[in-house]
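The first chain written gets the first letter, and so on, giving A, B, C, D, E and F; residue counts start at 1 in each chain.
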Amino acid sequence: MTEYFAIFMGVALFILMIPVIYRIGAGPTPFDRMLAVNVIGTKTAVLLVIIGTLFDRVDMFVDFAIAYALLNFVSAIVVSRYLNRTISLDEMEAKENAKKIKS
Amino acid sequence: MSTPEVTVIQDIRPLIAFVAPLLGVIGIVWAGEKRKNLRETFTFLVASIQATVVLSMVPLLLSGTIVEFHVWQMFTHVPLLLRVDGFGLLFACVASLLWIATTVYSIGYMRGLHEHAQTRFYAFFAISLSATIGVAFSANLLTIYFFYEMLSVSTFPLVTHMQDKEARTGGRTYLGYLLFTSLCILLPALSWCYVWLDGGNVAMDFLADTGKVGSFSETTQIILLILFTFGFAKAGIMPLHSWLPGAMVAPTPVSALLHAVAVVKVGVFCVVRVYSDIFGTEVLQQLDGEDWMIGIACATILISSLIALSQDNLKRRLAFSTIGQLGYVILGATLATQQGIGGSVLHIAMHACGKITLFFCAGAIFVATGKKYVSELRGLGRKMPVTMGAFMIGSLSVIGLPPLGGFVSKWYLALGALDRGATWVVFVLLISSLLNVFYLLPVAVTAFFRNPADDSEPEIKEAPMACVIPLSITAIGCFVLFFIAGPLVSMVGLTD
Amino acid sequence: MGLALFNTFILLLLVVAALLALRVKDLLTASVVFAVYSFLMCLLWAEMGAVDVAFTEATVGAGISTVVLIATIFNLKRKSSD
Amino acid sequence: MENSIAWIFIFPLFGSVACAILGISNRKICYPIAVLSMAGSLWAGIETLRQVLSVNDHTVSYLFGGWTLDAYPRGVGIEFHADILGILITLVVLGVGLLVSLYSKLPVEEETPGKEPLFYTLFLLQVTGLAGICLTGDAFNLYVLIEVAALTGYGLIAIGSNRAAAATFNYLILGTIGASLYLLGVGYIYIKTGTLNMVGIHDIIVAEGLADSATMQVAFVLVGVGILIKMAFFPFHAWLPNAYSNAPTTTSCLLAPVVTKVMIYVMIRMVLSVFGVEFSFESTLWTDVLPWLVVVAIVCAAVMALAQREIKRMLSYLIVAEVGYMVGGVWIYNYYGLIGSIFHVISDACMTLCLFLGAGLILRKAKTTHFDGLRGLFTKMPLTMTGFFIGGFSIIGLPPTCGFFSKWYLITGGMVSQRWEYMIVLMFSTMVMVVLFFRMIERIHLAVSESGENLGHGHGDLGLTDQQTRFDEGPLSMLIPLLLASAVVLVVGIYNQEVVSLIEVFLSDFNLPRGEGIK
Amino acid sequence: MSLDQTIFIPVLAESLHTTTSPTPLQFFGILLSLLGLFFFVGTAVGMIRFPDFYTRMHAAGKGDTLSTMLMLSGFGLVSMEDLSMGSWLLFFKIMGVVLFIFITCPTSSHALMRAAFEDDEMPMTEKDLKKPSAKKK
Amino acid sequence: MKLLSYIPVLVVGVLLLYAAKDFPEWGSPDAPASKSPVSSHFIANTGVDTEVPNMVTAVLADYRGFDTMFETVVVFIAGMAVLAILKNSGRKKLVKREFEVDAEPDLIVTNTVRLLVPVIQIFAFYVLAHGHVSPGGGFQGGVLMGASFILVALSWDLETALIRFPLNWTTILGGLGIFLYAGIGLLSMFLGGEFLDYSELANIFPVSREMARYHAMLGVEIGVGLTVTAIMFSLYANLSTEGRLQRGL
């Protein structure tokens, strides 16, 4: 019974992943893509638990899920850091010039 | 060449003859440019040692003993083996004795002209002679190949000694021809023999494996014959001869060495070796394609003589003369008779002596007057009587008049031709002798009997003593060879 | 049966992800798509029962590979030339 | 010594770790560590050779982790399988490693200042990987070791200039493709045989008659192409010239002689010991097509080499040509060709080492390896140039250098198989090499300028000032390895009979055609 | 090759053939999971349909976190076939995953959002809606 | 040209598919890989030989421990090679950077990371130590551990992370990891066995030969973990800054 349910859940998740992957492909901004990747990442954790249920060894697979839960947001942070905390070199030069003028 | 009932002994003397010059190189390089006398003493010393060692083996050989030395095992069945038989010893004697003469001569020549890089010159000269002795004493095909290559490479710096553009071109042609033929024509032929002669179990020994090529098919034999003949391009047979005049840019002692002793003679020596000791006379005589080879040799003789007629540069004229004379040697070998091969062996020695005299003279003229062309030599005979006299003698020897050495070998060649029944070859010999007269004698005649073009030239003296003495000796040698022809003939085994 | 179904989906999505990664010119996007690819690979390994491989893929794919790729892109031009 | 096989790689492995750790505090210590560990490794290699020769079947196998063959099935543990061929090539690798490590002191300090610990770490690991490749008896372990060797190779090349780093990129891409194909092939082999042990694979192929299996055929293709890419065989050679000519001196001295040769060894190993002679050569595709590819390869590489005006680039193209020789020697499929190939692996390693060591010295003295910088060098550094020329003569194939003997066997092999096209192309490339080297000799030996003008006056000097004509040899730490290498070239040539007889013992296990005469 | 043959793991084959009725706890877990699935449907639809990044972030950030948490806790309950020590341990492990996702997902959403904001990604306004091309931005 | 590059891809693809016709049945117990003596030995005797329940760990760290040692070496090499290429190359940049970092650490992110990093590290230790019974082991644990340091570098900045984990330490730890692995192998060789024959360690530790293997595997995994941790962080630090170790991502 639980197995059939797990299969159902898994297939449903896979089908629902398709629009998410569409978002990765379509974009338009990198943030959209990253968002979608994040979603897929969390869902992968769920799918791992589902596969674990199917194998009847959830205790084994749950370790992966923990790893995913802990590390999945690293990529989101990297991308956000890449896009957020960077300024183009022109701007930086302008800033440095401003500093010089101040001092 | 060797009779079967000889005894074979192991002795280190062949190796000493080969290694002594190599050790001498160390001394020469060590003495260097700063200590000229010491350096030349070294050269002279090793030349003498070599000659002594070589000559010391003559009595052994005449008493029917063959000296052998096993150096190392090259391939599974093929050792690097040195063996002294009559043919090789004769050649070695000629080479090492003439080397002494050349040494003395080159001291005079090089110092007279204040040449550069003399250390290099002497060092590579010694290496060349070492390789020549190696070829002379080789006991099998691979050994001979080994030393043949060594000679090619070690004479390259000698040919390009002048370092100018002409020298470079000459050197390139020289090396291009020799390495191309040896690596691309000769090596496959050797490999062919190695593989198909009993699956690599045959050492291609000159003594033991003579005539084993006979197991091949007719076509294969002809192909092999062609490969071998043209593979040893040092022999200067006609289509592959043009390196030789090009190499004339070298200093005269080198030209003398190239054209009289070491290089070209090594070429013909190898060819004769292959004809007589790999194929063997029996196999060769049954071979149809053999006639073609005789034809090629004859063509070489005639064509080169005709070209020589048109050359004004003295050394070039001598070079073409050499090509023609080499043709004789090849011709003798291709005749594939006992007499013919013996004649060609003798001709190696006789021609060496005569031709080196001619070259020495050309060099002496250059040292004394700076003249290179035949047309410039008018009246020189009165100012340099010794030199031009020696030139006369050398010319006559090369032409083949008694009582000079050249006569003996030509005699045997003619005998060999008759033996084979190829009478037309005798006519070729006659015609070519006539041509020899036409291109060699006018030089001496011009020098002695024509007045100089103008008297404004500076006073010309005889060349330095170090030049004159060797050429006198070799000129005398031409006479001597005629009179000791008996022992020589017995040495190459023609008497029985 | 369920695993076979999963297999089909995973492989399908893998192909999509791989093609996407090839097609995009923006290297940042490409590396992000690679993250998806490695998630799916992890699922594939897990589904095939190769749990140790799956775990390795999980840790490396989620934790390291994207970071290292983007750290590299940080020092390069973001647009790929082809 | 029982564990000598293990010591072969233990020395450099621990040496590299020591370099990495101790080098942080003291850079000077890396050089002695590298030399000592290479020496130890070479000693262990010689010990192993002695061991191999003393056993009856001439193979020593060493089971890691104690999973011995008597108690456990073959393939449970990882096996090092030293047969004569393997240990010979290992000795070559280790010898080259020792000489290059001796040589490396000054070039490394000068070309990569501050990076000595990293350099030596990678250097030693490279040797570890290569030696392991030669000895391993496990198909997957081979892959791992190939990766070790390849990764260190990338690092060692790119450690130099920016151009080298750019050149490495091509190498990296192609190398990775090659390794991946190899791995795929091994995977396919595993699917059909269920084991990764080379002996086990061979036994199963023979026992179950897997020669017709499509999977095995494809596995063979994948493994073969992977290795061909790795060894820079002709259509896949693009990475090699750039990488080797831009690499730092020491790197090119180490990589150029051994890396491609070791991959050829892997090919021979795969063909003979893993897939077996019957399997490998019965498919006509390979034996027919590859020699022709070899022809194209050698011709193209030789022509490209002719066009180069820089020593290291020229030598790199020569390596490509030499790879063609050896591949051809294997795939003309006969006894002599294989002897030639194997012997050429050894001799080519020696002579390439000689040439690259010489090129390094030239680079150091003349500040360039372009042909124009070479004139009159012989007067300045006669010993260096002598060593360099001995290597050159060996590549041309002049006796008594080892190059002559290997070429001899290759030609003989072509003769036996009647592969005339292979022989002609060998001749052709030989002539090209003659041209190449004598062109250099002209410049080095005779002080002539590019236009052919004599720079000397023909009398006394060579157109060089007194300053220039003074002897100015390289430092001893670089010169001695070069002279040793050239001595090795001669010694291997002179004692080729000993080496060849060892190879013959190895090949006697295989049923190879020896050619029954056309007359 | 039929699908049955593809199932090669013996454990799974066994488990598929032993159908037992779910315990109340498992039933509750199934309900939770279904609820999670419902939210995920919302997320997916939102990802496609919403016009700009911030709105999509709204759908994805919240819906994703919530649905994942619900589904995971649901499966945590489903896998509790008995109340033995091992089952509890497993349950707590899964709840740990839930906890971490609860912490990390919003953080990553926040980071992305802030990055977008500072990267001058403008939220959609009514003005944009009037432009016909805005939707397909 | 781009189209041309599809040709080899297609060829390889066709080859791979062609080979598939000869494959054994998917998951069939009759497949050579399943019924070979090696696989059956692993399945039947892993527990007997090593007392490790997780077959994969036993195969990786013991039966094929030699492979794993060199895989660790590969990781080490990667780190060393990147260091070697990028060290001191800051001045002569390969490609001009488009961006420079200019931002304060984000409050929310730093606090989350503050919370998570200890958990990740503890989990890494768990994975490492628990590798004998469940999936995991040195490599995975090491990656997790390395990721925790990278996380610190990402949320604050690289300098902060480098204070906690200086770059020299990465080299030392990487080397130590390999030293530990190979050292255990060498030790067992000194004790009379082959290289990596852990069971010989029973001569000096008061355990059975099987348990010696069990415990040595843990030591080996720790070695792998050390190397991987160090190299992962070193890779990130070098790659994100082109070897300058400042103003990273």
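Quick notes on this one:
Rule of thumb we're sticking to: contacts are C-beta pairs under 8 Å (C-beta built on N, C-alpha and C of every residue); 3 or more make two chains touch, one makes a residue touch a chain.
These figures come from a predicted structure and were not determined experimentally.
Between chain A and chain F, the least number of touch steps comes to 1. Using the contact threshold fixed earlier, the set of chains in contact with both chain D and chain F is empty. Relative to chain E, the most remote chain by averaged C-alpha coordinates is B. Of the two interfaces, A-E and C-F, the higher number of touching C-beta pairs belongs to A-E. Legend note: the chain whose CA centroid lies nearest the centroid of all displayed protein CA atoms is D. Work out the mean CA point of chain C and of chain F, and you get 19 Å between them. As a whole-number value, the distance joining the C-alpha centres of chain E and chain F reads 30 Å. Averaged Cα coordinates give chain B a centre that lies 42 Å from the centre of chain D.
As a whole-number value, the distance joining the C-alpha centres of chain B and chain C reads 77 Å. For chain F, residues that reach two or more other chains under the stated contact definition are 94, 97-99, 103, 109, 112, 116, 119, 127, 135-136, 140, 144, 147, 150, 154, 249. The set of chain C residues that touch two or more partner chains comprises 1-3, 49, 51, 54-55, 58-59, 63, 67, 70-71, 74. Taken residue by residue, chain E touches two or more other chains at 6-9, 12, 16, 100, 104, 107, 111, 114, 118, whereas all remaining positions touch fewer. Those residues of chain F that touch chain A in the shared complex are 97-103, 109, 112, 116, 119-120, 123, 127, 130, 134-136, 140, 144, 147, 150-151, 154-155, 249.
By the touch rule above, chain A contacts chain C in their complex via residues 3-4, 6-7, 10-11, 14-15, 17-18, 21, 24-25, 27, 30, 33-34, 37, 40-41, 44, 47-48, 51-52, 54-55, 60-61, 63-64, 67-68, 71-72, 74-75, 78-79, 82.
Against chain D, the residues of chain F that register as touching in their complex are 12, 15-16, 18-24, 31-39, 41-42, 62-67, 70-71, 73-74, 76-78, 80-85, 87-89, 92, 94, 168, 171-172, 174-176, 178-179, 182, 185-186, 189, 193-200.
The touching residues of chain A, counted against chain F in their complex, run 59-60, 63-64, 66-67, 70-71, 73-74, 77-78, 81-82, 84-89, 92, 95.
Touching chain F in their complex are the following residues of chain D: 3, 6, 10, 13-14, 17-18, 20-21, 24, 62-67, 72-78, 114-115, 118-119, 121-122, 125, 128-129, 132, 138, 140-141, 144-145, 147-148, 151-152, 154-155, 158-159, 162, 165, 181, 184, 188, 190-195, 197, 200, 204, 213-219, 221-222.
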